[in-house]
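Note that the chains take the letters A, B, C and D in the order they are written out, and that residue 1 is the start of every chain.
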Amino acid sequence: MPLPKDSTSAAIYRILQTHSLEEALDLLQTRDPKDSPLASHLSKQTDLTVEAQHLRLNLLRNEEISLSYLDGSAKIEDPQIFEGNIENYIGLTQIPTGIIGPLRINGLYAHGDFYVPLATTEGTLVTSYNRGARAISMSGGATAMCLHEKVSRAPGFCFHDMREASQFIVWCVSHFEKMQEVAATTTSHGKLENVNTTLTGNLVFLNLEYSTGDAAGQNMVTIASEAVCQFIIAHSPIKPRHFFIESNMSGDKKATALSYLSVRGKKVTAEACISRSIVQKYLHTTPEMMMEYWKMSFVGGVQSGSLGVQGHIANGLAAMFLSCGQDAACVAEAAIGITRFDLTEKGDLYISVTLPNLIVGTVGGGTGLPTQSECLSLIGCKGSGCAKKFAEICTATVLAGELSITGALAAGHFAKAHKTYGRKKTKS
Amino acid sequence: MPLPKDSTSAAIYRILQTHSLEEALDLLQTRDPKDSPLASHLSKQTDLTVEAQHLRLNLLRNEEISLSYLDGSAKIEDPQIFEGNIENYIGLTQIPTGIIGPLRINGLYAHGDFYVPLATTEGTLVTSYNRGARAISMSGGATAMCLHEKVSRAPGFCFHDMREASQFIVWCVSHFEKMQEVAATTTSHGKLENVNTTLTGNLVFLNLEYSTGDAAGQNMVTIASEAVCQFIIAHSPIKPRHFFIESNMSGDKKATALSYLSVRGKKVTAEACISRSIVQKYLHTTPEMMMEYWKMSFVGGVQSGSLGVQGHIANGLAAMFLSCGQDAACVAEAAIGITRFDLTEKGDLYISVTLPNLIVGTVGGGTGLPTQSECLSLIGCKGSGCAKKFAEICTATVLAGELSITGALAAGHFAKAHKTYGRKKTKS
Amino acid sequence: MPLPKDSTSAAIYRILQTHSLEEALDLLQTRDPKDSPLASHLSKQTDLTVEAQHLRLNLLRNEEISLSYLDGSAKIEDPQIFEGNIENYIGLTQIPTGIIGPLRINGLYAHGDFYVPLATTEGTLVTSYNRGARAISMSGGATAMCLHEKVSRAPGFCFHDMREASQFIVWCVSHFEKMQEVAATTTSHGKLENVNTTLTGNLVFLNLEYSTGDAAGQNMVTIASEAVCQFIIAHSPIKPRHFFIESNMSGDKKATALSYLSVRGKKVTAEACISRSIVQKYLHTTPEMMMEYWKMSFVGGVQSGSLGVQGHIANGLAAMFLSCGQDAACVAEAAIGITRFDLTEKGDLYISVTLPNLIVGTVGGGTGLPTQSECLSLIGCKGSGCAKKFAEICTATVLAGELSITGALAAGHFAKAHKTYGRKKTKS
Amino acid sequence: MPLPKDSTSAAIYRILQTHSLEEALDLLQTRDPKDSPLASHLSKQTDLTVEAQHLRLNLLRNEEISLSYLDGSAKIEDPQIFEGNIENYIGLTQIPTGIIGPLRINGLYAHGDFYVPLATTEGTLVTSYNRGARAISMSGGATAMCLHEKVSRAPGFCFHDMREASQFIVWCVSHFEKMQEVAATTTSHGKLENVNTTLTGNLVFLNLEYSTGDAAGQNMVTIASEAVCQFIIAHSPIKPRHFFIESNMSGDKKATALSYLSVRGKKVTAEACISRSIVQKYLHTTPEMMMEYWKMSFVGGVQSGSLGVQGHIANGLAAMFLSCGQDAACVAEAAIGITRFDLTEKGDLYISVTLPNLIVGTVGGGTGLPTQSECLSLIGCKGSGCAKKFAEICTATVLAGELSITGALAAGHFAKAHKTYGRKKTKS
């Protein structure tokens, strides 16, 4: 049977190439988190003392995880290590970083109990996400599936008229395999997988879609697309009046409607089922009241004209992007999604989050920098082979945040929490 | 004459209350930047050596600007200083930070030559923004106007039917002044300025709009709105079946269509006129080719379904948000805007950027943290009275980035620049 | 107390100027429809025979309602009556027209039992809307409120730079009352109520907002805005490089995000509460299953990137626009809205529809043409004083359609209905 | 070489299966219209007299085109002919209809000089479109390409959890060919071409995409999808908790962001190049001023949050949909598009229109009704084999309207035209 054309089905087929259906389904089965000293420590909210910090660090550290840059004991001496990351260097911006967990994840790629580092300056955020992570883990964890991945560049070509433009398309499509070869000369990790063509009068837009291995891949696809364009210009018998390597149709670093209809980066969906008693005990509200909130918030979100409807995905995503060396500017496009709540037949609470546009990587970009590399190692995502796992952890973390904020809003505790954690105590 | 109802006109009127029209127009007049050793240093692209770093730091430092946390010479010992910013603290994420400038700004609030710190892990970004800043400054600087500001919370109330809902609205509107008093008991900086009401069947959405002084203000408006809601619930003769302090209609931390039709945070517009010779010398292309790019990119952007059409606003904005202690999650909503190019009658290049949704502050949030506070001091934006100035600097910086990336795309240098600055030299 | 600034509150205040709160609430109270021969006739689905047609016509006709053009007994002889409506005339397109009802409406302006004419070529549509109307009427009718109205033109002005542009805004705002006078010279029905100003670099957009009496008003506001622009150009000391009377920012005949944040035409919200037994008897499903549909359809709608989320508002609206002489092109902007379902505490079904953008009128346009005028008279909306009433009838009709299609989808009857009514019986 | 996956490339390949590239390019070559008495008549704007009407009718009529229903000489006696189009019939709504032309079209399917019937009640519309048609024809005509076609239904399925949902997807994808067979049992004209799968937590959305021959096809795809769903439910080992045949993700009768990223109905792009002298003579303005308008209108459109940016596509489209028996409710989704203007190297005016979402057909729906069938015959589009031709004529007509309105706005004649043609002369 041929590979299905649409991305979700294709993704599921790819999974079945490496796992049997039974294995895949077993991975997705809920499981309780294991007991651990850190779990027990983080279940009590602790002060901002040096002692508490060191206790947490000691419980997190092991022979593969040093955390010496994060805790300030090691110091960066030579800025040369930032080559490829910065120019006109003057120093290091320092962002406070906290930890949440355990977050039990039952994913295709992420599997186990995770302690997730979040870098932020917004008080309440870590506490809130930690509360959500706990409620999820107590309920057997978050199921997560990384469904698909691609990154695109969209060169644009301008012709005298539509006749030239359509001849150009004919030529391009019949040279797609050659374009793949040209792209392959620029990278060993990325692959040109597909090209979509849009004809708008005398303009031709090519959406070149790549897989990018474990890199977020924006640089990779830019350099490959430059080579593809140079090949096209050199060999196509029809020359454009002018062309640009990016026609602004790829959605790069922008929130766009592309998100729900195609994929940029990775598409991940995650869910959890929270029992009524856990909702009552940890979130101090009921599944029914959370459903009331969700119904109102969906109408509010639609009236605001947002792309997707959700609570505060940007909060957790920005915090993970910062701690783990992702491109913070990509929050603009990655932080859109759909959060759903429902009641199960037994009266428990169902929650899911779908992120269609998660631009992340575990190699390249800022992932090799000192503290960022340490944070990636905390969640077992350092280096090659970890990008899909990292994407699932991001999404499960966002799920925890959505659960917690909705619980706070439903319980009427939202303002109180921000008063407690979001202000210095000495201030009025 | 009464204050005009719409926000842009009202903003212009507020300006005329503190300046005469002549003074305001004089502020907006283009002026060349002054010579300085740092300007001359940054005009040559320098290596990532400790020496180059120290040279830059020495030229930036003065008696008001220490930079000792940024350069690593001072160390944070007690995490208690992060109270209100983080919980479950484990350490500090460190983000490389570079400097661009001089960026000449002729704004209503920002006036002079600025050296702007940018924290990022994306190679090329600082170089590219620096190139744009230089081209703008050589052309007499960027004109900028901070037009308006407000931050909202949108509580939602559910009733049995529309009859109850409309009675509730009647009561609310006739108690607006009382709501203002209640809000005022929670904050001395913010003020409830307006309420917009939306009736959708039996649901009532109140958009409570606040001015927030020099704070970004999300916490402030949450706490004030909680008090307003409690007042309403206690006194309204019509009680809702249930209500929530945020109905998801405020656009908080989300890209929404609200942006172009109302304002969240600050709305700023900035422009510059770049002479043909500077376009040719610094951007290696022509105003005409940049116009060709803009025309294609506008069509590409519209086809992608983006909110506004622009190049990579998120890049510069995220980098300033990080270095200057803003909320990184707000990139999701702030990084939308409209970038325009045009040819002047003389054949020079006109560029403008409009950011309708700039959530920024110079007090509260992360603005008082060690490196963040130092970065704010670098641009003269530390503390009270600086939020509008900071908003204009953000927008002028974004203008520099939009100019530079469009120049690179028009000149065909985009991929080459990322190959040079975005990869480690030792890598293939 | 001053008039509230936001439109919904202002609308409710205007209502209270003509009614006491008690009177207004009494109008909105549910009431059962009265018995009538036509109600009884339409409760049985009847054939397409001449006899059935004449029976319906006889029951609809009275001394004020002739229907002789609609039934073909009167013939238009002189095309001169189409002056102002058509050029290059060649004849009359004929659209089959059916009737639904009774539709009980308890509105601020529409009050009573309505028989609504729908012109369409889509089989099933009339039957489906009729079924919804019946279920609503059996439940005491639809509550409806016409909340607000305005129509805008958005002239745009281009200047050399932002300094000129801001001077221009200062001048405009200080001459608003003069603009109102100028607008008033062109029309006795419309009034310039407000101007909103947008500054985007060196471009100034003025959104001139008018009330238009009982006309849809697009021509009226165009002619008034032309006069306003000529006044501005003649008297403003700052002249634009060029200007256009419509900058494409008014949303004229386009689906835009403006809809939920401002108002074009009229904003109307309507609701009904359908008892469980009526849902079961007429829609052959349960309130719970309709809620399941609604929850899924909201997610589907958001994923499709629609403006608002609803079922098939365009169907009923287009059919009423055609029969009643509205501008069919305005379906493009009017047919967006939000449909909500909910369960009441007693387990009955709540439904509401909100149309934020209903461009309709009962004078001008096609409202005076032969069949169109007859159709308007059928619902008591012929001529002056009827526009808000007509808007409420449109919305209640749409409510009936949304109820019926959702019922069909929830019951699994959607395809079957289209197979029965949407195909000729002689066809396979 | 395999068929390309993306729709535009695939469409171009399909064209090359029936034409050589040379033949296809020859079809797209510009050609002047032929002289004719009707062309000469319509070049003078004529009065609304019976004589003028009859003159036009006589010039349009030939042995294949009778027009006797349109001119009122034939009368519909038996409403049974409306079976499948209406229920509860009471009579015929009559819409004035005018003619424009010649509109020279050089399309892949539409080829020649067309006289296009437009049904509307908006004065000025026919005159304005006629003016545009003339300017285009004088310039050698409009080039047009119908690129692609498909219509979708999007059933949705709800499961207990993501594990069940993913098993269901695996089953569906491996039974796609069986689904095609099942769909084929319900229709001989349509074909299930593709299925796209979206997984959002425990919800599965299947976008079933069909080709529909010469029908608009909404009924066809509903009935086929019902059969597909029944097959799935009967045979899938994993049963959904519930499912609905349409999950609101198909965009049916709604303006959605789907339009630019996929295709509903037909996607057509058309263009023309208008010489400077014709712009001056017929539109009374210059190519440069029209470009100024376009640049401002694009910014205005983006600020309004419209889907695509264009002038008044809905006007011409609604008028053709009415006269030619299309579904008027589909204006809601079809009337979005992108209009582009540019200057050629010689200083002439380039214009293109792209309609991504044109739901039209020439069989089924209202296409066989008396006047509608006559109007289709006027443009040679009656019956099978004409849907793509009709789609190209629609788009070229819209092109004429966009040219004319932009010319009027650029020349400052927009308000004047509406004053002349949009009001009765006897009214003030």
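Rule of thumb we're sticking to: a residue touches a chain if its C-beta (ideal position, glycine included) is under 8 Å from a C-beta of that chain, and two chains touch if they have at least 3 such contacts.
Bear in mind that the values here come from a model prediction, so they are computed numbers and not experimental data.
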If you tally C-beta contacts across A-B and across B-C, the winner is A-B
Pair in A-D, A-C or C-D that repeats B-D, with over half of contact pairs matching by residue number: A-C
Using the average of all C-alpha atoms in each chain as its centre, how far is it in Å between subunit A and subunit B? 24
Where the CA atoms of subunit B average out and where those of subunit C average out, how many Å apart are those spots? 39
Which residues of subunit C are in contact with two or more other chains? 198, 200, 203, 257-258, 260-261, 298-299, 301, 303-305, 307, 309, 338, 340
Within the complex, which stretch of subunit C touches subunit A? 257, 260-261, 295, 298-299, 301-305, 307-309, 338, 340, 342
Contacting residues of subunit D [partner subunit A, same complex]: 1, 4-6, 8-9, 12-13, 16, 21, 24-25, 28-29, 143, 145, 147, 160-163, 166-167, 169-170, 172-174, 176, 194-203, 207, 257-258, 260-262, 269-271, 273, 305, 338, 340, 344, 350, 352-354
